[in-house]
Each structure stands twice: as C-alpha cells, then as structure tokens.
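A, B, C and D label the chains in the order they appear, each numbered from 1.
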C-alpha cells in the first residue's frame, strides 16, 4: 500500500532519533557509574519500533520489553524524560524507580514495560481485552523478542487472544539473538510466525530492516484487528548490531555478520528511498540530523542537571 | 503396518481391564465416603492408553496425568495395588499419600503422575533427556489432555524437546473437553497437532478410538525417537464418555453426543475385528471378560481389606 | 437474615459489584460453565445473568488469566479472576508478583492495577498436595499485594466488595470447606474495610490469632478451654496484608500470651510474621512462650487419616494453649 | 590458599562434581555461551571443558529448565540448573514446588529428585525489582526443598558440592555481589554439611542471625558495635532449610538478645521464622525485644539512592543492636 510522505518522514525522524539516542547511551555507558543498571539498545533494529508505531494512532496502546527505548521514542516519548529516567533521576518518567529497563509512559499509551522476558504478552492481551470490551476504536501492540516466543506466556497469550479475537498485534522482533543464543540454537522452528497457525492466527515473516514493509504489515494487522478480525503475529527479521546490553562484549557475534547487517541499516535505506522519490533532500536530512542531535544533547543536559530522588522516596508508590 | 495377534490380544485385555476397573469405580463412587478425592476416569478413551502402551517396551517410560488409571494399567500396573492406592490404603502403590490422582509406579517405569494440568510435559522432557544422555534404547511417552496443550508448559517443553531431538512421544488425548469446556471453546486452532510445526516437530491427528491406529502411530513415533529422529506430537481424537470426574453431573454434555461416541467404543471395535479375523472367539472373549471381572473384584477385595496408614505415617517420605 | 455458605456470599458480592460497576468482569477456568452444577459455588449462575461478555471462561492457562487481569486493570477495568486452586498460583505467580504487584511502583505511581485474584484453598477433600497447599505466606511476602482470607460468608461478602473497589491488586483466598458451612449473611450492602482484624471472641488469658477456616478451629478450642477455666481471645485477622498490628498488640498486651494457628505448613508460615511483630512491639507484655499450631512441614497427603493428621484440630490447639497457660 | 569470588568457587565446585560424577550436568540460559565473558561467573569455561553434552544452553523457558531437572533427576541423574535471577523463580515455581518438592512424597518415598536449582540474587546493580527480589522465604515455606544461601566463596564451594550429592532438591541462592568479593578458597575437596550454621563471630551480648551477603553486613555492624562496648555474636545460617535451630538457640541462650538481618522485604520474610523458633524455645532466655533489619516492604527501586536506601546497612543494623542493648 502507498505510504504518505508525511508517514515516511515520521518514521525517518523516529529512527534517527532512536539511533542518536542509543549512540549517546553507548558513549555514556563507557563512563563508569554514569548510567545505572543494564542499558539495552535497539541499534540496527529501529525500523521495527519506528515503522510499527507510525502505523498506530495515539490512542493505540503498546506494551514493550527490556529493549524499549526505540519503541517508546517512536510512540512519542519525550527524550528528556526518557533520558532522565535512564539516568534514574527524579525528573524521569518514573521518578527513577524504573531506570532503563521498565520505563512506563501511560500518557502516550505505553503503560507497561516489563523486563521479564515474555511478561508483556499476557498483559497486552489484557489491555486488548479492555479495548474490545469497551468497543474502543484502538488496538494494542505487543513488542517482544524471538527468545520471548519460547516462554510459556507467549503460548497461553496467543491462544487466548485468537480464541477471543482480541484487537492485538503481536510483534516479534527477531534480531537473531536471545542473549548469547542464536535463533537456530533456541528453536528448531523455521520461524516464529509459523506458530500462529497453532492458534488459528495469521502469522507473517517480514523484513524488519525496511521501514516501509514494517509499516505496511503493521497497518494491515491493525486494520484487521480494528475490524474485529482478531490478532496477527508478525515476525520482523532484523539484527541486534550491539551486544545484548552495553556490558556485553559481543564475543560470540561474528564481526562480519554485524558488518553485513550494518550494510542493511534501515535508516539510509529509507532516507535513500525518500531522496530518490524526491520527498527529501540531502540538505533537509542534514538539518533533521542536526535538530535530532541537539535534542539528544538537550536530553542529556536535562538528565545530568536533574536531581536524584530522595532516599525516602523509595517508600512511595507501592499502593494506590 | 501389520499388528500381531498377540499385540491385539494385549490391547484388548488392557482395554477391558481398564473399562471394568473404571466401571467398578463409578459404582464405588456412589457410595458416600468410600473413595476419597476426585476420581477421574477414562471410560471410552481406553484405546489411547492401551494402544500406546502396547507399542512400548517395559523399559520405556510413561509420564501421566490426572486421568491416569488407564495408562497405568496398560503399562502393567497391578490392579490390587492401584485400587488400594485409589482407596488411600497403606498397601497402595504410594501408601495412600497420593490417592487416585497422582499415582506413581516407578517399578513399571511410570514414575511421575501429576495432576497439575500440563505439569507432566516438562518432566517427560527431562526423563527423555536422561535417556538420550545415557544412550538408552528407550523412549518416554507423555500423556496429556487437549486442555493441557494450552498451558505454557506444553509450549516450552515441545520446543526444547524438538531442539534437542529428545526421544519423547507427546500423546495428546483430545477427548473433546477440558473440564466443562469444549475443544473449540478453548482454542481457535483446528487441532493440537498443528502446533508441532511451530517447533519443527511432526504432528499427526489420529483416530483415538481405534486401537490399531493408536498402536501404529505410537509405534512409528517410538521408532523415530529411538533412531534419533526426535519427538513426535500425536493427537488422538477420542471422547470423554463420563464427566470430568465422577462428581461431575455432565449437565453440559449433550446426551446424544455421548451416545454417538459410545457407538464408537474402541472395545467392541477391536474385539469385533479380531473375531472377524479369526484370532478371537466369542467364547474366548467371554472367558477374558470373566477373568478380568474377577481380577477387578479381587482388587476391590484387596483394597477393602487393607488398612489405612497410621496418622503419623504422614511425616514420612518428605526427604530421601 | 439468610443463611449461606461462603461460595454463595462470594456469589452475591460478585453479582452486586457487577451490577454496580460495568468495569467489573470475571474470568477463569469454569467460572461460566462449570463441572460443578451447584448454587453453593462462587460463580454459579453469573453467566446466565451477565452473559458471555462479562463472565469469561478461559482455557487452562493460569499465566494468561493473571495477565488478562493485569492488562485490563491498567485500563481501569476491575477484573476478578479465579485461579482454581491455591497451588496453581505458582503458574500465575510471575504475573501477580512481578507484574501486578510491581508495575505501579515501576511506573512511579502513574499506573494502577485494581484487580482481584480469587483462589480456592484448604485441605479436607482427599485431593492431595497438588490441590491442597496453602500459600498465603508467599503473597504476603510480595510488596504491592493486599491479602484477604475471610472466615465467614458475611465477611467474605463485605471484604470481596471492598477488594473489588480497592485500587490495588488484592489476593482473595477462600477456604472451600467454608462453602459448605452455613452462616448468616446480611442482605444489605455492607463493605468491610480491608486491613481490619476482628475479635471473634473476647478473653483475658490468651490470644489466639487465626484466619480463614482456622478461626473456627480457634473458637472450638476456646470453648474447650473455657471448660478448663482458661479465657481465650480469638483474633480473626481477615486481612493479612496490610496487617492490623494494633488489633494483635492490643490483645496480646491484655492477655500476655499468644498462639497463632494456620493451616499452612509451619516453616516460613505467616505465624512467624505475627511472632516477630509481637516480639518487636509487645515483648514486655509477654508472660509465656509463643506457640504455633500449624500444618506440619509435609505436603498434604490424600489418605483420610493422614489428611486429618495434617490439619490443625481444636484439640491440638487446645493442647498448645494449655501448655502456655501453665507458664508465666 | 587462593583468593576467589563466589562465582569462581561455584565454578570449581561444578567442575569437581562434574569430573567426579558423570550424572552431573548443568543447564540453563547462558550457562554455556554467555553474554558475560568473565572468569568471575559461575559457569565460565565449563562448556569448553565438558562439552555440549553436559553443559546445556537452553531457550528462555524457565518451566522447561526446571522440568528438565525434575525428570532427569528422577532417572538418577544429578542436574544442576540455573534460574538466572531470583524473581524468575516464579516461572519455574510450579515445577519446583508442586513437582520437585512433592513427587517423592506422592510416590510414597519410591522416587527421589536429586537436583540443584542455582539462582542469582541480590540488589546493588541498578537493575530494578524484576531482577532484584529475594524470595528465599518462598522456597523455605515449601516442604520437600532444602535451601542453601552461602556467605563466602569457600562455603559456597563446600555447600554446593554437598547439595549436588544430596538426594533431595536443593535450592542454592548466590548473591551476585559476592562474585566480586574475593576471599580465600581452599583447594581441597571439603564438603560442608547442609543444615549446619556457622558462628562467624563470637560475642556475648547480642546474637545477630544472618545469611548470604548480610553476614558481611552483620560482621561490619559487629565491629562498629565493638567500639561501643557491645559484644556481638554473628550466626551465619548458611542453610535455611533444614534450619539449624540448635545453633540459634545456643547463641540466644548465651546472649539473651536477638536481631535477624536479611535483604528480603520485611513482611513474611524468614526473620519471622527465626523469631518464632526463639520465642517458642528460648523465651525465658530473652532479655530484650527482638529486632529485624530487612529490606522495607517495597519492590527494589533502580535509582542508586533509592536502592541504597532499600539495602540493610551496617549502620541500620548497628542502630537496631544499640536499641536492644539498652534494654533487659
């Protein structure tokens, strides 16, 4: 299907923002003690979050996982508040209680982020249930990894979502690795999408490094869900260009494999297409890059200058 | 494949024993306070346990579930000790600690019976792992229901078993119901066997009321597993002719559905074939029935005359 | 006042809350069409009354059931889901403990998860240890959850209504034996606050703290001891988290003696928490050693004499009371 | 004697037991090829040494990992499986609590399940509450399981070897902070018996019971209090189940004062069990109220000042000791 220039621009901006944001974190993580916890990035995978979220309306909900920053930025998270949370500052989205791994942003309909692998999937089903129950014109998208598809929670959730024809799109981001384990080392199945059939649910394998294909598949699945056609399982094939997290030396990842996938980087691919189509100039791209770079620097500035929470703040927010 | 007369005889005997044993329990359960706990029977489904176990060697292992009596008898359990355990007597297989629901008979390689739905599946994988690790010429069979196939444990286990090509045969006994829920009310999938593909595992739907088909499918799957070809998922289609358990009034089960399936009863089907083939006479069948009836009566007598365990025996057998 | 079992009381509470608030729905295995065709069961008749939209039979998938509650509650709905038997909580525990209980905190207080998880518990049915295993101590040790264990139908009704209206995840545990014990249930719409214990019997010599079915064991033991001249106070916790420390301490300061009775196994049971609170905050009031009367550290056996041995009885409890009456 | 962290000590124990007994194998997520390329980690190098047959990387499937151990151990193998972080125990809990712990009992003593489940625990890494959540109280409340939580590398080594040789399921919890704390580890093949506590510091005024990382907190607090003239005895439980009651009671009978320190959250934590045992069996020896120094009843927060606030510190522990030194 035709994708508007505006949507393409939205995806491009979102991917570049996500990439610069990640690159900045890669840099910051090298400074001992700067960023608490395990920073986990989507470098190279940006087309998935950015393409899927471009296909969504603000009222649509996403549930994400440990590799969330790209998804959250694409859904409209404020880089300042996101960075401040990653820094574990009081001004962050979750007052520093979450840190980098579980950032929840209900105000943009990204209300639950979990780092329990597979944990978001049943929750997404529950969120979609509420949408169906109330007759909302909205869907829920659940992002999870190829490794997560081996958890029992995946199975129970997809079966239930299909049974009840809930308006949910299951987005499996197959980035070749689950921790240090390659895809073919954790399942004998040819694809995760193949599993859809076992639940009576359509399943597709889609190029996850092509923002346009990502967008189109998500748009169709969303449409199906909105029209009462139930859930879809989309497996986006992409690649984790950095380690599992920033502390991972990637010793088990072949260098030439990384390089080959870097060649397939979704950002120049989309910007190149847009330039060829005449809807983007090198100049505009340069200005976009600059603007994004500035906003990332501003986010770092905001986070750096923000205070940590007070120790006793730890006692708040357990019960409503 | 050709099935020997001996094997057919073995299956017939095992099915009739299981049926009479169950019918006796149905009777006993009507007597208030006679049989503790929830008695759960396989009436109408006997071809599955009896056909599968006939395809196994004594050294092969079975892991069974809440609906175990047929499986255990078919694997060679002693009716006396089984009945005594169902009666919760000290002389039972498990000294009354298990009762009807979790009877374990390691001496016939039926070492773990669990009533947690789906709970046996990961354990079967572990048991098969030990067989592979040690290079044993044996397989593990795991019996579970159609409802159990919706549990997360099913998914994780089948994926792992396929990945490691373990010598295990997954036997899904699809008896149309999971509790009060019909098959099509708990999954949108056309079959449980369809799920095999998602793990890279062969999956078959087989008539579960035809002992010969049951036997043949199990024999092939066993052969594949023994030869290093990994696991198979077999879904036997059958029907639960009684309620979920003996306390279930079956109010949600259409009477004509029960009657129609009773028409497909696997026992006369096999004995009829055998008579037609000339390997069984009416007379022999009558003697077999008598003999089995006597052994079931004897089992009841044994159980009735056995003592209960002493209260303090409860404290034993926690730790090895 | 009508007489009813706890299942019926739960049923009434569900019916009334579902009628009051369209955000309330129920889900679980057999909550609609059940193998039990009995009006004594908690969800009996609700499917007929509220329809398939609000009474959702689920596949046998405990993690999905719990996740359904987590996700739907975040959206402002008020799910009441059932985990059929307490031991199957294990299968839902990641969703409950790592998600329902923690996601609000992780959001910095932005999200809320107003859900109720109902679970059946209790031994006495010969079903064995995979069906009978009281695990309230687990949920009590999971910050972010409230835990309710009523002892009477009337309180079950009032507490469940409060639990459904509470903005936090509440674990609501029903002893199945109480489905078959008929007691008065008011027809009004009383709410009983979560976090308040109830003194079920006043006494001056010894405090017995109990909850759920064991409250009746405590009352029976108290009667027995009354014949021996000991005046037993029975404190029914009703809610384990938040714990009504004040009620416990007030009683112990009066009596100077404490026995805790629970059906769960001994080691690591919630009696330990109560002993710790009392030892921290009313140490000087204590006149005699503490006693616990609990299930022994074994899985619940199926055989009737063994299962009876497992269960704390009024006699065992009276024995423990007697022991410490002679001291201090 | 070599100096090593607890990860290295665990590594040695695994290596030695795998060498000794071909029935021992290890399995889990990243136990072979790991994202951590560090010799400080417990399973480092074992894949290279023992090969893929005995060092099994699994998919992200905690229930299957635990079930693998249950099934294989029934066959007489001795699996040592890893659940990466303590909160993910939830996902394995049905297999461990309803199966590993109960199936022997259900078999009437015919089967045995000689397996070890290793879990990493402990806060301090800014990873937040889904990675940091000490749940030892859960497994301690599950009859059929033994529970080991060592405080030093040398004891981790000796205890893990005993755990692997034990014919029962053993839960072995390693605080990750101790992977980076170097202490002497003997090169001999000492076995430390499960079920024996160790007095890490003798003292006459107050007993501090602790385990795992908190033993070091207790020792630091004891040093601090020594400067104030209080003589603190530190009892390191090492094993929580079976509990070495004798060691605790002997110490409390000597000192008359008890503080329990654990990292897990307060309500329902294992300190309650210890208080109950002491209150039952050494009541008359007690001179002062009991104190617990534990994590507060909150999920573990990520932000450094909040996470530090969560952790019981030597200062907080010293404060509690000081309070009860002034009494009795």
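By definition in this document, contacts are C-beta pairs under 8 Å (C-beta built on N, C-alpha and C of every residue); 3 or more make two chains touch, one makes a residue touch a chain.
What you are looking at is a predicted structure, and each value in this text was computed from that prediction instead of being measured.
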Most widely separated chain from subunit D, with each centre as the mean of CA atoms: B
Between subunit A and subunit B, centroid-to-centroid distance (C-alpha), Å: 45
Separation of mean Cα positions, subunit D and subunit A [Å, integer]: 36
Inter-centroid spacing, subunit D versus subunit B (mean Cα positions, whole Å): 40
Distance from the mean Cα position of subunit D to that of subunit C, given in whole angstrom: 30
Multi-chain contact residues (two or more partners), subunit A: 95-98, 102, 114, 116, 119, 150-153, 156, 159, 163, 185-187, 318
Where subunit D touches two or more other chains at once, by residue number: 59, 61-63, 87-88, 91, 94, 98, 105-106, 128, 130, 143-144, 297-299, 301
Chain contact graph, described as a line, ring, star, complete graph or other shape: complete
Complex contacts: residues of subunit C adjacent to subunit B: 29-30, 33-37, 57, 59-63, 87-88, 91, 125-128, 130-131, 296-299, 301-310
Footprint of subunit D on subunit B - complex, ascending: 63, 92-98, 102, 104, 106-107, 111-114, 116, 119, 121-131, 133-134, 140, 152-153, 156-157, 159-160, 163-164, 316-320
Subunit C residues within the subunit A interface of the complex: 25, 53, 56, 58-59, 61-64, 66-77, 79, 94-95, 98-99, 103-112, 114, 143-144, 146, 167-168
Subunit D partner contacts - residues on subunit A that touch it in the complex: 36-38, 88-90, 95-102, 114-119, 147-148, 150-152, 178-181, 185-187, 243-245, 247-249, 251-252, 308-315, 318
Subunit A residues touching subunit B - in the complex, by the definition given at the top: 150-156, 159, 162-163, 165, 185-190, 194-195, 197-201
